[in-house]
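Note that chain A is present in both complexes that follow, paired respectively with chain B and with chain C.
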Partner chain A sequence: MLIGAIIAGIVFGLYYTLVGLGLNLVFGVMRIVNLAHGDFLMLGGIAAWWLFSSFGLHPLWSAVLVIVVFVLAGLPIYYLVVPRLLRSRDSEMLSLILFFGVSQMIEAVTTIGLGATERSLPPRLLGVGPMILFGTRLPKAWIFSAAASAIAVLLVYLYLYRTRLGTLTRAVMVSRDEALATGIDVNFVSAVAFGISIALAGVAGVFAPFILGSITPNMGVAINITAFAVIVVGTLGNPLGTLLGGIIYGVSLMLMQTYLSSWANLLPNLLLIAVLLVRPEGLLGRTVRRA
Partner chain B sequence: MPDTAAEARRRLIRRVVLDTSIAAAVVIFMGVVRGFYSNELMLFNFVVFLALAQGLNIIYGFTGYLPFGYVGFYGAGAYGFSLVVMHLHVPALLGMAAAAGAALVLAVILLPLLRLSGAYFAIASMAAAQAVYEVVANPDLEDITKGPYGVSLSDVFAPAFSYYVALAILAFALLLVVWLRNSRFGMSLQAIRDDSVSAAMAGVSVVRGRTIAWLLSALVAGLVGGVFAWHISVFYPDTAFDLSVSIFATVFLLFGGATTLSGPLLGVFILYGIYNVIGIAVPQYFQFTYGALIVLLVLFLPNGLVSLLTRRGIRVP
Partner chain C sequence: MRSTLLALGLLGAVAAGSAEAQPAAPSEIKIGALYASSGAYASISMPVFDAFKLWVDAVNADGGAEVKAFGKKIPIKLIAYDDQSSTATAATLYNQLITQDHVDLLIADSGSVLTSVAVPIAKEHKQFLFDVSGTGAAFFTDDNPYIALMADPVSTIWPHYISDFLADEGAKAGIKTVAILYSTNDFTGTQAAALKGFFERDGKVKVIYYQGVPTTTSNYTVLINNIAALNPDAVLELGYVGNDIAFLRNLQDSGNQFRFVFSIYAGTEKDEIEKNVGVSAMTNIFSYVPASNYDYKPEVGMTQKEFHAAWDKKYPPGSGVAFGGNAIYGYMTGLVVGQTLATAKSLDQMDIHDAVFAQSFKLKTLDGTFELRKDGAQIGEVTPLGQLQAAGKDALNLVAVYPPDLANGKAIIGK
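== the complex of A and B ==
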């Protein structure tokens, strides 16, 4: 039972890495918190549901489509909102409020358009029956979603460390001002990072029906707390730390659900507070706390 | 040359009189209007948000900490009140003391959060409020808190009396802000907010100042939560810990303008007024307008409505 919980935890952890990764990328590059991250995830899920129920499109194709559409949608959203926000006095703080507004708008539009009902996709789409992994029986849909998450994380890694634009992105992460001074088009680099970020949320949304069970228009807030817990445990602004945070989160969630199931919902909150108080820079980070 | 010390003193007194009369006018208005308008629940909610916005003003306006989980104190107050009334059958006013106590205890437990700054603090306080909610609403604790099934306090139900208690709490919150705006302590808090290192160098006790502001702010929310439980008398943990309570209070505060007395009042009267006109009937349209308003506000008027005047050098009470 312990081994089973740990294996399932790692599988879930890979998925939670995907959930948090986009949020962390935006924080790392722009030092703002996208509180609408969970709502972009929800939109990805709605898109997958709509594409399947209207056109019978397989979720894997939906995922590809969602990536393209969300990256393209992210660019105008960035240019519309973020540069102005970054000029303000306390952009980190104000970003929380601003993106809360964005999240309210998304939630309202989705509810007006589709109603507040739960939506899900049949798990058989990602393979029938369980798969045995190290002696633990897990639904194939879980394994599939975790594998897709792992691929997405790998692609982000390759983007950041093996492409020119990725190198520029990391330069902006280190110092926005110095990057600007060396002639990097900071706004374009950030806009692409923003697009990638919401595309990652969208892909996580496509697989959300299989891992989380269903999609509802108001799921965003809970997802945000989870995503924030994952990236704070990992280290804010360090995309690779997210993998560590995701796996720690997934494993501890599964252990809680196995041994103390009625208290499992407490976990993201307590984990978040504990890490912030004991080690606010995250497990991999350098000191960030001031006065 | 006029005597500058006496001049300054007269100016201070004028300000205090002006601020206090605004506070008194609001409280009297909310008391009088109850005689003319039959929808008492709506008026009560106005009082609740007027007080919460000022309570949040104490911590955000004067120290710069923005607790997204401010509702945690409100819920703690509501449950502090409910638990002693349900289990010990004490009179309601004693229950209010328990509400204040519960919020203060939670505030003391959460004091270490003040070591965090900016977004970290905001999110951590939100997580803390969620954690308290998960404990209170846990089905395993049904014998104590009634878990997710909600509490019913019909024994102490007293809509008229509790409305006036809520008014008294509103008056308390308003006077706290008047005091902070015109006192040495309030000035030192603003100094800490603007530059904590310089303030500490000038001999201001940073930790003490922040702690007092945090406790006062929590106290206001706890009292409001207690009187909410008393007035409503049947509620669920989802209502008492509804995150939109903090969000509403935050938006009202920012819309009007923090650190002022009249800003949060304007925010509540305007925005909550609009909410009551269109929000109840079609909540989604309101939610959309509201979200759009927040986005525009942050982008174009980050210091609130009153900054239209303060920007031109006009002092706003």
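== the complex of A and C ==
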């Protein structure tokens, strides 16, 4: 059972890497916390459900479409909200309040429009039955989701380290003011990062019915808490640290489910507290970040 | 002559006094209710609330509810708030309904979790609580007369047909071990504990796995693998709608197979689960058979067929809330409220209590016979064991398989 839990945890954790990746990218580039991240994930799931139920579109094609639409949607949202926020005295704190409001609005509008009940996609779309991975039975959908997550991590890595826009993005992550002083179009770089961030959330949403069973308009808050734990463990502001955070979360959750199942929902909070007490900079952080 | 006038004067004064003591009829009867339009319990709350609203609208369209205390029909004013599936919000709103809105009758939100906070509040304020489907056994105690369960039997009663079936037909088919996986809340926790007790008492089936998981659990793959490692003959998963969806999907995806698998909502909210899980993942799953599967002959209110038609007219299919057992529970609560108002001596909460309990064993509705234990627990409406059996290529039929007197089909136990 121990080996099975660890293997399942790694695969499950890869999905949560995808969930947290965009949230961490936004924090790293803009130093704001997007509390509506989980709601963008929910919208990605709703989009996949709608595309399948209306047009019969396979979720893998929906994922591609969601990436394009969410990146494009992210640009105007960024210009509408973030530059004003960053001009405020305490943008980090105000972002919590502002995006909490955005989150509530998205949830309310979705509930009014579609109702509060569960929605899902047929399991057969990503293959029925298990795959055996090192002797552990895992749903095929998990493997697809983990693969999508691994591809997303790789693409984010390539974007950050192999493209000019990525280099500029990293410059903004180091110091927004210095990047501005050197003539970098900080707002454009940030807007692209914001678009990528919600696109990553949207893709995670497409796979959510296969990993979490179903989509509901209110799922955003719980997703945010977990995603926040994942990125704090992996280091705030370090998108690639999210990979480590996700895997630690996934393995810990499966071990909790195996040996102490009643307490499994405490896990994100326990991880947060433990990391903040023992290593507040996160497992991959070099110094204690200045709040 | 003087004494006659004095006597007449005294009589007049007494008559005037008694006329003053008779309270004037209110312009409306205020009924307070909570519902969850979002959150984990929305899928069981909204059908109940919509059905109750349907009953209120029908009564008001007929000129109001017959209120014996005032000898006339009085319109109902429904004061309803959205607790968003939050117990903290629900606690505040229950208090508001009692202390600010001064409702005459108080209806709890659906399910044990959102009812759990209403029970102590109602008791403290001596306000009678119409508990729609909060079946947790701990809610019903001899020292609390301010509660009655309307439409579902108390949780300790629900699962006895499961254990009886496994001890009887299951044992004959070679089922010897069982795994129980439950969500840790009053509704499913009580059922799990009751089941464990039944199995231990009967000694025919051995419990080899007994684990609780948070009600928020949305992933069961590792849990199913862990259960499979113990190789039980039967697996009983007790959770809410979201739990059952995730469990049944994960069970199919994992490829693990058990001879007997039970889930609560596969049968009671069949349409909702089928929409999310698909027919193949539900085939041969055992579940409870809700009242919507029986055509009880009601002495009060609509038949199930009439109610279903009224529901479809008010809430057309596809409008967001599916017809199922919970819709019947909401309407059933309305019927009890209507009968209570029609028979209560006054709107004093103990008179409400007496009127509700006076209906016990007499009221027969589309939900079966309403029967209360003296602590308010519902014991009349039964929950037979059913099984979702294939009916054609892409359809399932919920067949009652136990007890024999309520069965309309035979159980298929896996090899």
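One rule holds in what follows: the second predicted complex is superposed on the first by the 288 of 291 C-alpha atoms of A that agree within 3 Å, B and C clash if a C-alpha of one lies under 4 Å from a C-alpha of the other, contacts with A are read in each partner's own complex, and residues count from 1 in each chain.
Quick note on the criterion: a contact is a pair of C-beta atoms (placed from the backbone, for glycine too) under 8 Å apart; a residue touches a chain by one contact, two chains touch by 3 or more.
Note that the structure is a prediction, hence the values are computed from the model and not measured.
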*Assess the superposed three-chain arrangement around chain A: do chain B and chain C clash, or do they fit?*
clash
*Go through the superposed model and pick first if A:82 touches only chain B, second if only chain C, both, or neither.*
neither
_Tell me the contact category for A:262 with respect to chain B and chain C: first, second, both or neither._
both
*Have a look at where A:111 lands relative to chain B and chain C in the superposition and call it first, second, both or neither.*
both
*Is A:67 contacted by the first partner chain B, the second partner chain C, both or neither?*
neither
*For A:218, select first, second, both or neither according to whether it touches chain B, chain C, the two together, or no partner.*
second
_Looking at A:273, would you say it contacts chain B, chain C, both, or neither? Reply first, second, both or neither._
first
*Which of the two partners, first being chain B and second being chain C, lies in contact with A:30: first, second, both, or neither?*
neither
*Taking the superposition as given, does A:122 touch the first partner, chain B, the second, chain C, both, or neither?*
second
*Considering only the stretches 23-31, 149-157 or 167-175 of chain B, report the one that runs into chain C.*
149-157
*asked:* Residues of chain A that sit at the chain B interface in one complex and at the chain C interface in the other, please.
replied: 107, 111, 262-263, 265
_Residues of chain B defined as touching chain A within the complex_ = 66, 68, 112-113, 115-120, 122-124, 126-128, 130-131, 134-135, 138-140, 196-197, 206, 243, 247, 250-251, 254, 284-285, 287-288, 290-295, 297-299, 302
*Report the residues of chain C in contact with chain A in the complex, numbered from low to high.*
36-40, 42-43, 46, 84-85, 184, 211-214, 216-219, 221-223, 225-226, 228-229, 241-242, 245-247, 249-250, 252-256, 272, 275-278, 280-281, 319-322
*chain C partner contacts - residues on chain A that touch it in the complex*: 1, 4-5, 8-9, 12, 107, 111, 114-120, 122-124, 128-130, 136-142, 210-214, 216-218, 222, 254, 257-258, 261-265
*asked:* Taking the touch rule as given, give the residues of chain A at its contact with chain B in the complex, in rising order.
replied: 33, 81, 84-85, 88-90, 92-98, 100-109, 111-112, 221, 225, 228-229, 232, 262-263, 265-266, 268-270, 272-273, 276-277, 280, 289-291
